[in-house]
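In what follows, structures are represented as structure tokens.
Presented sequentially are two complexes of chain A, the first with chain B as partner and the second with chain C.
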Partner chain A sequence: MVRFLKHFFKELFGMLFLVVGVTAILYLIFNLMPGEFPGKGRGFEGYVNLLRRLFTFRFGTSIVSGRDINSIVFPAFRNTLILTIGSIFLSVMISVPIGIFSAFRGFETYSWPLSILTYLLSSIPVFYLGYLSLYLVSRYTGYLPIFYPHGAERGNPVLSYVLPILVLGFGNESISEIVRLISNELRRVMNTKYVTASKARGEPMLRSSFHEGLLIPLVSIIFSKVPFIIGGAVIVEYVFNWPGMGRLAFQSTLDRDLPVLIVITFLSVICVRSGMLIKEMLLLFIDPERRA
Partner chain B sequence: MKKKILFTLLCILTTTVIGILPVHAQDRGGTLIYGEYGAPIRLVPILANDSISIRLIELIYGSLVYYDPDGEIKGDLAESWELSQDMKSVTFRLRSDVMWHSMPGENRRHAFTADDVIKTFQIMMNPKTATSLQSRYNFIHSVRKLNTYTVEFKLKKPLLNVLGKFSFKIVPAFMLEEYSFLQGDEELLLYKHPVGTGPYVFVSQEGSSSEVVLQAYEDYHHGPPNISKIILRPFADQNIITQTLLYGGIDLETRVPPRDISEIQGDSQFELAPYSTLSYSFIGYNLRNPLLAIREVRKAISYAINRQEMLDSFFEGKGQLISGPFAPGSWAYNLDVEPLPYRPETAKQLLNQAGFTETTKYGIRKRGSYTLEFKMVVPISKENETTKRVILAFQSYLKTVGIQVNIEWLEWKAWTESVFVEHDFDIIYADWLFDDSFDISSLFHSREIGPGRNNFGAYRNPEVDSLLDETRATLDIEKKRTIYKKLHEVLAQDAPYTYLWTLTNYAAYNRKLRRVQIHPTRFFTYINEWYIPKEEQE
Partner chain C sequence: MKRYYYERELPNIEKFYVPLSKRASVRDVVSIGFGLFVVSYLVVFFVISITNSFIKDPMEIDISRMFLPPSLEHLFGTDYLGRDIFSRIVKGTEAFFIPGIISISISTTFGLLFGIVSGYYAKYFSKIIFYFLNIIDSIPRIILILLIIVLFNPSIYLIMAFVGFSSIPKVSSYIKSKVDVLKRQHFIEAGKSLGLSESSLIFKHIVWLSSKSVLVIQATLGLGETVLIETSLSYLGIGVQEPIPSWGNMVAMGKDFFFQGKIWLSTIPALVIMFTIMGLYLLGDGLNSIYNEKVSR
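Showing the complex of A and B:
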């Protein structure tokens, strides 16, 4: 437990350090850029003020629309979170069975078409997949709607989540990576002596190699993919008119809405670092070597 | 025979009667969702200058007068008006039954009075206010409150069609008490929650998507509107708006991209409504550059580009080539002046005449140390497909006659700064959008040269100056038309711009919307008439 806490605070400290560093660099860059934001050009004092506002979550107002940034950013954050978590879940659901299957079977009759399929899926650019599915699914069959306005009592809003999550889940390039990693790791672990020994005792192979061969690689790859998925979400949000962080960031950059941009960067940093933190904690919990 | 005539007469009669029947009470209701390319930026009438905000503001706010579909002036907040004998003052008698929409969290509603008109005007004309409207209204000398429901505007000089100018939107004085000017960065409730006197009440704006929800105003002074809810849905990508319309996600698209027009035309469920905004596109030159100050060079550029081909291939021919500085829909446009044809040979001749006979090793013409190489600045937010194509085509047309154009993409604010303030550019591609007055003196008068002024190219021509002054002085419409025609001719000859084209805009809507009529610039002016039949409301 003490080890656990020690690790936690170490990570937290690193995260704090990173946030301060990133915001300092941002403050510097935005000071050199044309455009306005509160605290600009006031040196260190302005920066401290900025930090205080960021850490107390009082973000102020957007200079372009004059609206409260909190009420802009948090709904966007929620929408992106839904998209990201949904798509990771989907990727895992597809890739893990394929990975296990090909670990057991090797590169032979049944598993190779599956592996090739995953590579194919991952190599389709996400914007292409997005437009393709829009045209095929929404336009011609009309089964799944594109995101509906929140005020209209029309259609089923839950259905509109399906298509973007499917597209990002297939198109975020992580399926083939998870498949490859899992099949390699699992095969390696299955060839170790302790698994052979447990097999000799009559235990199922998968159970004895579950921890080292499946859980550990899965946890590490999922959380290290978080930043890339946020990046991929920008395109999906754009294509599907999904009101998330990526679209907001893009729009604010065009409008040169610096206060909003600072907040978005701040939240992204926190999000990515939190992913790392959770990963470390989980690994500490799962990995017997680290636990010892 | 007689019977037949009677029969047709009857037919006509019944159809007219059907045409003007009031909307059935049960046809009230329904939701209209409309899609825009981009989000509204400012929901305050005085500060808004993007067309998306202007369309939305039309639904929420009211003005003293407006133009009805037949071009006649009708009163909105004004009941009646009177122009004095010397035409130097206008008195408006205001409606006394107008209430402002209620403020958030408050049930009490304020009455609309003369104070609101005066406050609006004072804020609008305060030099510190960040608005583009001041030059339009500086013909007004002062405004005075006669009683609670009467205001009088004193004019600096008599002006033609002056009443139509009083179509600016009125903002509530009780929400702006401490303010004498607005710059857009104040902590103001009105920025987040617009309160107006128009047919629709602002309900909410969703945070991340900027979707705006409006509710019909039950106590609207012209009677409650038929459609009970309107939602503005912003899109980040132009390609998807038409798809969403066809799929049923939205009911109305305010501006259909040209290449989607044929797709909508083929679908019987949707209607395409052309409307022409009084606007045109042009290539503008900075005459501070000594090379562009040479008329032959500017003319050569005009001859060198094939405008018809650009119009046909990038805008599917949905527009019209123009020859001068007016929108072709206006009475000021001179139809006798022909648009310059595409003649690259003439362009080369003109360049030779101007002495640009040598070429560099890259094939760019030069004269002595002067090379025909120009910097073109383009705003990024306009960087949609068609703009990009026009600019690249322009670049390659000029290349063939030996002129090099270097394109620089700038973010919108930086673009307006470098064009209007710093004048750090050679060529721009832009549009002018007109109101109903066609006053072009702010574009070409030498008085208007300077930072922040509209004559960004520093065009100076004494003949044009005197003609422009003359149009301002005259009240006779026929005489004015003659002068404008002359102006058109001179400005076409002198080519401070290369006049490109005016585009026909198309709105597309689901046929379930009935009695749709669109105002060319403000779009939703006649929204009160629109309705959705009961059986199609779902």
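Showing the complex of A and C:
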């Protein structure tokens, strides 16, 4: 237990150090720019000031709307979190069975068309997939709401989560990669000697190779995909008019609303780094070869 | 003599030469062939569009020929101003071809440099280089591009240069892991004892003879990513602007007529994008499985 705690604090310290580095580089870029805008400052004191504002969550007000940034960003952040987690879950649910299947079949008969299908899925541009699904759903069915309901009569918002999560889950270009990684790793593990021995004892092969062949690569790839999925969320939120962080980032880009954009960058960096932190800690629990 | 590593299939045999034709399965041959087909049509389209030959004028507006479905005369139909979609698609390769090459050359050059320095001289430089690479890695790419757009109001060339910068960490981490394995091998030790200079050890024996496949694979995958990013940005309206054709803003333009049933306006550019990206990814993965590198996007 002490080992885990020690490792956790070490990783946490590294993460904070990285966040400080990111903000330092942003501050440098801001100060290279001519003109006067928030986020700029004089020398080291200005940087400390920026850091203090960011870490105490007193972000100030937006240039365009004049509202407090906290009240804009955090509801959007919650929506993006729902979208991201749901789509990662969906991608894993699609790609893991295909990966296991093609690991057992060794790229014969049905598994080659399946892997070509995953390549097709992960290379459809997500903006087109969004419009296609909107078209099909709203024209031929009508069960799912095609936009995020606002106002008093918002009804059941859970149904409106379905379509964006489906689109981002299929189109976040990580399905083919997860399939390839899992099938390669599982095949490598299935050829090792301990799995052969356990097969000779009569145990099912998937159970004996599950730990090394499936769990470790899955954990290590999912959390490293977080930045890509946040990037895909920008486009999906734009297509579905989903009030999340990506649409807010795009809107504040068009408005040249730098304070909001700085806060969004800060939050997404924290998201990515804490994903890495969770990954390290999970691998520490899962992977016996990894020493703290 | 060339060296190939077969850690996965043949763990105990270090030196083993198998010709490329025997290593490739049918699956690899098909995926590499498809990828080469995609690369060749990209090159042909680019050459046609810079020489302005063989195609109709992509900017020519003809109101009497609006919304024509695909036919022999207009191969992919016409759009809402009567412009020929096929020639616009051919012209649209200009939007990402040179910027994409700039991007992948930046990412492979600097990735190679940082990877070699942090792998070969791991004692001194590894931690500090990877601290800076982790900083680049932890900003999501699209958010970084949006920041750059707000701050510098750049052209597509500068955006793609930053895309190249943001994929340096991946390339250099693969190069570093490759160099870590290679520098403990016997042939490097033999070269050292024969008195070869460090530059020839690094650039000839480590880079050129042993890790160029990593660079080729990363370049193909990176080209696919730049196509995706350029089309996404043009779709959002912050990349290439409308009168100049790009596959992304063609999809964005055609989506307004999607609900009228005129689906070819945006479907055909989207299909072209899809086949291009899929071909580049398949090419990268086929090369990956031939050379047995553990490289991924």
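Worth pointing out:
Just so we're on the same page, the second predicted complex is superposed on the first by the 274 of 292 C-alpha atoms of A that agree within 3 Å, B and C clash if a C-alpha of one lies under 4 Å from a C-alpha of the other, contacts with A are read in each partner's own complex, and residues count from 1 in each chain.
Note that a residue touches a chain if its C-beta (ideal position, glycine included) is under 8 Å from a C-beta of that chain, and two chains touch if they have at least 3 such contacts.
As the structure is a prediction and not an experimental result, all values here were calculated from the model.
For the composite obtained by superposing both complexes on chain A, the positions of chain B and chain C are free of clash and fit together. Applying the stated contact rule after C-alpha superposition, one finds that A:Arg256 touches each of chain B and chain C.
Residue contacts after overlaying the shared chain place A:Ser65 against chain B, while chain C stays out of touching range. Legend: residue contacts after superposition of the two complexes on their common chain; A:Glu280 is shown touching neither chain B nor chain C. When the two complexes are overlaid on their common chain A, residue A:Ser268 makes contact with chain C while staying clear of chain B.
Of the two partner chains placed by the overlay, only chain B lies in contact with A:Leu248; chain C stays clear of it. Look at A:Tyr238: by the touch rule set out above, it reaches both chain B and chain C. When the two complexes are overlaid on their common chain A, residue A:Tyr131 makes contact with chain B and with chain C alike. Following the chain A superposition, chain B and chain C show a smallest Cα-Cα distance of 5 angstrom. Touched by chain B in one complex and by chain C in the other are residues 131, 135, 139, 238, 250, 254, 256 of chain A.
Here chain A touches chain C in the complex through residues 17-18, 21-22, 25-26, 29-30, 33, 107, 112, 119-120, 122-128, 131, 135, 139, 173, 176-177, 180-181, 184, 188, 227-228, 230-231, 234-235, 238, 246, 249-250, 252-254, 256, 258, 261, 264-265, 268-269, 272-273, 276, going by the rule given at the top. Taken together, the chain C residues at the contact with chain A in this complex read 8, 25, 27, 131-132, 134-135, 137-144, 146-147, 149-152, 224, 228, 231-232, 235-236, 238, 248, 251-252, 255, 258-259, 263, 266-267, 270, 273-274, 277-278, 281-282, 285, 294, 296-297. Here chain A touches chain B in the complex through residues 34-35, 61, 63-68, 71-76, 79, 131, 134-135, 138-139, 142, 145-155, 237-241, 243-245, 247-248, 250-251, 254-256, going by the rule given at the top. For chain B in complex with chain A, the touching residues are 31, 33, 39-42, 184-188, 191-192, 203-211, 213, 229, 231, 233, 235-237, 239-240, 243-244, 246-247, 249, 380-381, 411-414, 417, 538.
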